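Labels run A, B, C and D following the written order; every chain starts at residue 1.
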Amino acid sequence: MLAVLGLPLAGGALLALWGHEKWAPELNSAVSFCTFIAAILLAWKVLVSGPMVVLNEQFFIDSFNVFLVVLTAFVAFTTTLFSRPYMRNEALLSALSNYQLRLYHSMYQIFCFTMLLALTTNNLGILWVAMEGATLATVLLVSLYRTRASLEAAWKYFILCGVGIAQALFGTILIYFASEKVLGAGGAALLWTHLDAAKGSLEPTVLSIAFVFLIVGYGTKVGLVPLHSWLPDAHAEGPTPVSAVLSGLLLNVALYAVVRCKILVEGALHNRFADDLMIGFGLITVLTAAFLLWRQKDIKRLFGYSSIEHMGLMTFAFGIGANFAGLLHMTVHSLTKSAIFFSVGHAVQHSGTQAMEAIRGLVRLPAIGWGLMLGALAILGMPPFGVFASEFLILTHAMQSHPWSTPVLLVALGVAFASIFGKVQSMVWGESAGKALPHAQASLPILLHLALVLLLGLYIPPYLARWYSEAARLIG
Amino acid sequence: MPLSSQFINLLASILLLLAFAMLSQRRIRSLIRLFMVQGMTLAVSTAVIASTTNQSHLYYSALLTFSLKVVILPWILLRMIRQLNVEWDVETLINIPSTMLVGIAIVIVAFNLALPISHLAGTITRSTIGIAMACVLLSLLMMITRSKAISQVVGFLSMENGLFFAATSTTYGMPMVVELGVALDVLVGVLILGVFFFQIREKFESLDLRHLEKAEEE
Amino acid sequence: MSAFGLLAQFLQLFLTVLLAPLLLGWVNQCRAWLQNRQGPGIDQPYRKLRKLFQKDAVIAESASPLFRIVPYILFGAMCLAAAIVPSLATDLGFSEAADAIALVGIFALARIFMSLAAMDIGTAFGGMGARREMLVGFLAEPALLMVLFTASLISQSTSLTVIVETLAHRHFGIYPSLAFTGIAFLMVLLAENARIPVDNPASHLELTMIHEAMILEYSARHLALVEWASSIKLFAYVAMGIALFVPWGIAQAADWLGMAFALPILIVKLLVAGFGLAVIETVMAKQRIFRAPEFMGTAFLFGVLGMLVHFLLGA
Amino acid sequence: MNLLPIDLIVSSALLWIALGLVGLAARKQPAFVRNAVFPVGALAGLLVAASAFSSRGVETAISLLGLPDLPFHLRLDSLSAFFLFILGCAAFGVSIYSAGYFKNDEKHIGPLCLQYHVFLAAMVFVLLADDAFLFMISWEAMALSSYFLVTTDHRIPEIRRAGFLYLLMAHLGALGILLYFGSMGGDYSFDAMRKSHLTDLHATFAFLLALFGFGAKAGMLPLHVWLPEAHPAAPSPVSALMSGVMLKTAIYGLLRAVFDLLHLQLWWWGALILGIGLATALFGAIFSAVQSDMKRLLAYSSVENIGIIFVGIGLAVIFKAYAMNSLAALALVAALYHCLNHAFFKSLLFLCTGSVLHATGERNLGKLGGLIRTMPWVAWSALIGALAIAGLPPLNGFVSEWLLLQAFLFTPGLPHSYLNMLIPVAAAALVLTGAAAGYVMVKFFGIVFLGQAREEKLHDAHGAGKWERAGLSWLAGGCILLGLVPFFVINHLSGASMLLVGSSLAADKGSWLFLSPISPARASYSPLLFLIVTCGATLLSFLMVRRLYHGRVRRTMPWNCGYPIWNARMQDTSEGFGQPIRQIFDPFFKMERKLPSPFDAMPKYSAKTEDRIWHSLYLPFGNMVEYVANLFGKIQQGRILVYLLYNFVTLIALLLFMP
């Protein structure tokens, strides 16, 4: 448990000192790998002995968050594998200084730390602190290149998420305000385990106001329309490994926070307010993002919007109670989206631009071209990839519980398909005009992710399925 | 109503007044001063609550607030405007009189929302939650109407103040761990922003946010 | 398939194939008479065939084997067509092998092979003729099927034997549906057999010719077979018309006596029909080739109308 | 161990996937891939066909894979067995052919081999699927693998465009199918759907979704636009499989959806399918007549044939709705038989175009000609295919059209006067389509293989290799056999028609020689006798002529009405050949024509015909999406203040409207 949190923190400190060295990427990977192993051990323990509360009740691990911990650690690890050749290329192509490299490596680990902290903490306050920390860590990563565009993106990111997160804090205060009556003042009143036990007796009015603030607040980080505006910019301008973890992990963590709060509010309210809110946000997000995809010209913005769309879909899924599908979608989305960003990163290096019309013939680098093509198809919900499985479950669930919503979803999925696929196709096929990369590209993480997504599309191992069902039950 | 409670209500109304003042203030330097006063008010109110309720950790809290929001942050901000040489801000979306009207509407909304809640509060300061909420929303409004980066940050920080006020006055403060974390985040955030300002100025030769509108989608 | 059926079948086939050129000769002779000419005599087609068979064949150097096979296929297909149209008797050995739809199929088969052979050499005329022929067929084929469908609907069968038996047994009366289809059939007959007003068998004018354009490159025995096949086709069509619209007198069931009577009756009918054809060809003018679609479209329309009238009036 | 047919079929499909991987791994040894992998794949196809043919009754299996609550269900019944039979037969011929064909594509052979075999395997699973999830997975895997095959030559922009359009339409269709399954309810296994009882309205909704989804795949009007783009773009064996087999999976899906999974059928569904089918058939026929690219011509002809199959299905639904089950069986058998036939002759023709393309490098009809002399094997195979597709006796195309027309002739029994009146008109339209098919095939065969070579290089065109010949012969042989002895297959179809409409064609009423679906008095047809008589007469005449007049044959210039100059440019062009049709059906086309003026030094004539549907339906739709996207785009101002305002407004609005 401690290792899961301690390792990235220590790694961050180490890399702050030596992040510019030649072996820094290896160290980065090694730290992430150890974190991953620790996460697996943790998961194993939870799987065997059930939920646990440790360290003076400050940390709480159940099947819901432990699965996200493993996912986060895993994607963080594979991203470091990708980041190694990518940043080497980047250091040559964009002439990064030692300071920037140090900053990058250490912030990367700090970012992982804050995400893991947000996932494992039992204290809603700490959850908030960690979320804010994650924002701060990534702001610096987004503005790493110090170009006008990246500064602009980072500024928007900072302000919008800052405001959002402040609203979430207000929501948290309101929850504390309500729980204090029941649990008494002091530390216990913000501990999720206690709140969960007492959620039935919390004051409904307070909690519904709190939930509005929380969903607007954390929803900003999730990227729910109309609070999403920071997301495409931040994805487009940061280094690609950061885009990969932003899309693949941070959004998940934010959604995790929303869902945790939803569980409480739902328990207190005894009505469908929280669900309806999530459904509404989800649908608006999916639809808007789909149409916005149509207009994109920058490859990373394109996939940024695609992340928005998928977060909307997940929010919708949790809203209608398709929790199993939502969790599965979280998993496959972060695997697929990060794989796509890996390919995109190299593709951009290969062609020297992020403008899609200038990218052609990526298939000349088979791992990149095929990675992007298959990844895009996977994210669009093409079987036999796992995204299809989760979308199938979400859609079928929606058809039974909220039939009116299915046309909206289908329109959105159709438009998203036309938008993304048309663009990806013209980038992957055709004659290549790019130049060779100075360092060999990272094919392994791409293939690994896609293989996992393919596997999940055809077969969900029983222990994973049990895990999901367990977590889905927890969510309610 | 006990005296301390009345006093706190007074401080709360001062906060609200300050929020309006900030909303109408065009000069950045005065804005920061107002922010300082806001921090001061906050610290005082925290201390008063601490003394009334004998919540010792609130003293630390008050101290923290004071040092951070009255001393450190204004100092940093003032230094910055001196170095960056920005004095005036211009309102962008809405002019100031209309902003005030919107602000009043917001206060009404916030009060009405808080009405059912404040009955529940067991603290001596129950009616303040509406004011805290109004402060938060007013600060948000201020961020929307300003075009200079620094005034946005001030708005952001005053929002933080509103939150803090909500936390102390309605619930006698959050657990210490949380508060420390919040404070750390705010501090780091401001430091990062400082770095940012210089970078932005270096690249754009200005701190005007209208330069940061390039990422439109055609 | 009874012994009688088989025998009757061969008898009819034999007679048809032999007599077919005679019908053509008769039509031409009548036309000559109507035009105040003396005419070559009704045995002229036979003389022409004999002449052609005895010549040496001249074939274009670019001709493929397809070109040389087609005349035989054409001849074979027309023989089958002549065999299954009941002209002498209804109890025919092969009648179960092909019904009305298959009959249309046979004509289509012959037409397509003819067109392909025409395109084989690669001359301008060949392609032009093939295209025009296919166009005529494209419109004539459905019209013919409509005619046959109406008959099939009346008799609840597509088997030609059954159709003829049913039609022959009904009470004499006015059948508007048959009137419509009769007109349609006549138009199809004219078009399919390259008669005026769609085509002129006697003309080699490039602007108008259809059938002749296709067989330009044939000579000697191949040409003889093609010509013979066309005369059988004409015969089959006329026989079909007789069978559909004036079926009385065709021998039914195993009836040798009936057959003995049927032959002279058939000859009389053929003479009348041939004369009728000649009259039509004399009084009508050749249409422009662009009018052909309209002409065939009208035929198709009549066919459909006939069928609808059948539904409407039940007759 | 007793191996059931379903096991054999599943193992063949897995073998295909394995072969694909082997091919990918061995991409550095293209000769091995061609001469070993593809033939083995062909044998697997034969195994599929044989197992499917020998299967009786219903076999089911449940796989370990799939979702936790919904493992993959497999089911082999007579309907899927029949379509698997089609798949196996066609796959055998096409794979054998591919072994020879891909020698020019050695660069791509690895991915090509994988995609090709995955495509085959996906089709198997589509046909075997017994739950919505597996069905959708294999359905989309099929679309995806064929998309990759279509874009094999992705350097050409048109091919990319075609591929995009194809996958987009496939995906939209798939969404429709998904919605259909969703509206059927239950736990998404087909068994549950069979048991569900929907109201009329609900069932109609489901039916329309299924029609949309499967129609998009089948190329039904007006969802056909992808088909003439995608089929020509693919390598020829793939076009063959797509046209020959993949379109049939859509037919399979529609049959499964309408007859098997939905428990009721309404008569107007049938009328709708019938109407759409007719429009599709007519549309396909007249459009293929004006094409000048040989593969596009064949693609439009596929549209036509799909229309014909739809007509059969529509009739079957009408009959079934009025509980005239034996007639429904007749119409259904006609449709199914046409599926089989089309698989054979369309694959054959596409493969022939493949050989022509390889030998000449040309797809444009205007640059071909006279190939019967340089590549006789291909030419004669193509002739068989062309005659079969034109519906000429005694080949297989005629049998299915004959059955279909028979079904039409029974409509007077329907208790619905409008239908009674309209359906014969529909029969007329169908016949018109058939005649148009003849026109098209004369154009296709005549221009490609007959006449003189329109380009110099065609004289060096080489014939097909031995693998290719083998593949062509298999399919051509199939066309002939299916035409001559339809009885056996039709007998076999009784299982499927029993399953779907609860009745079968009592084929045992006739002897094996005769085909008489109802009674010999109503109608009968004996292709074998037909052939014997025709051939007998032909042979007899041949022998007689030989014997009596064995004149010499002299070869010389063609006579050509005595015109002395004779060259290839004087032949009919493909545009010229299509001109009459273009003129008659003028309103159907959007035509651009450039006529040279008499003073042009280099006179050039060009005519381009386009699909009106594309301009009147798809482009406005695309513009609409564009417009909406721009509306949504307005919210991305790029100004942070505006974004903050969004946040603020959202918050206030939610607070105000909170319950």
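Before moving on, here are some points about what is shown:
As a convention for this text, a contact is a pair of C-beta atoms (placed from the backbone, for glycine too) under 8 Å apart; a residue touches a chain by one contact, two chains touch by 3 or more.
As the structure is a computational prediction, the values presented were derived from the model and not from experiment.
The interface with the largest number of contacting C-beta pairs joins chains C-D. The greatest centre-to-centre gap from subunit B, using C-alpha centroids, is found for C. One inter-chain figure worth recording: subunit A and subunit C are separated by 78 Å, centre to centre, where each centre is the mean of the chain's CA atoms. Centre-to-centre separation of subunit B and subunit C, using mean CA positions: 101 Å.
Between subunit C and subunit D, the centres computed from C-alpha atoms are 35 Å apart.
Rounded to a whole number, the gap between the C-alpha centres of subunit B and subunit D is 69 angstrom.
Residues of subunit A in contact with at least two other chains: 155-156, 159, 163, 167, 209, 292, 295.
Touching of two or more other chains is recorded for residues 113, 140, 143, 209, 212-215, 217-218 of subunit B. Counting partner chains per residue, subunit D has residues 633, 636, 640, 644, 647, 651, 655 touching two or more of them. Taken pair by pair, the chains that touch are A-B, A-D, B-D, C-D.
Residues of subunit D touching subunit A in their complex: 64-68, 132-133, 136-141, 144, 151, 154-155, 157, 160, 163-164, 167-168, 171-172, 175, 178-179, 181-183, 185, 188, 625-626, 628-633, 635-636, 640, 643-644, 646-647, 649-651, 654-655, 658-659. Contact residues on subunit D toward subunit C in their complex (touch as defined above): 369-370, 372-373, 383, 387, 390-393, 398, 401-402, 405-406, 409, 412, 420-421, 424-425, 427-428, 431-432, 434-436, 438-439, 441-443, 445-447, 450-452, 514, 516, 520-526, 529-530, 533-539, 541-542, 545, 548-549, 551-561, 566, 568, 570-572, 576-577, 579-581, 583-584. The part of subunit B that touches subunit A in the complex is made up of residues 113, 116-117, 120-122, 129, 133, 136, 140, 143, 149, 152, 156, 159-160, 163, 166-167, 170-172, 174-175, 177-178, 181-182, 184-185, 188-189, 192-193, 196, 199-200, 203-204, 209, 211-215, 217-218.
Taken in their complex, subunit C has these residues touching subunit D: 53-64, 66, 72-73, 75-77, 79-80, 83, 94, 96-99, 101-102, 105-106, 108-109, 111-112, 115-116, 119-128, 130-132, 134-135, 137-139, 141-142, 145-146, 149, 152-153, 156-159, 162, 204, 206, 216-217, 219-221, 225, 290, 293, 300, 303-304, 307-308, 311-312. Residues 92-93, 106, 109, 113, 137, 140-141, 143-147, 209-210, 212-218 of subunit B touch subunit D in their complex.
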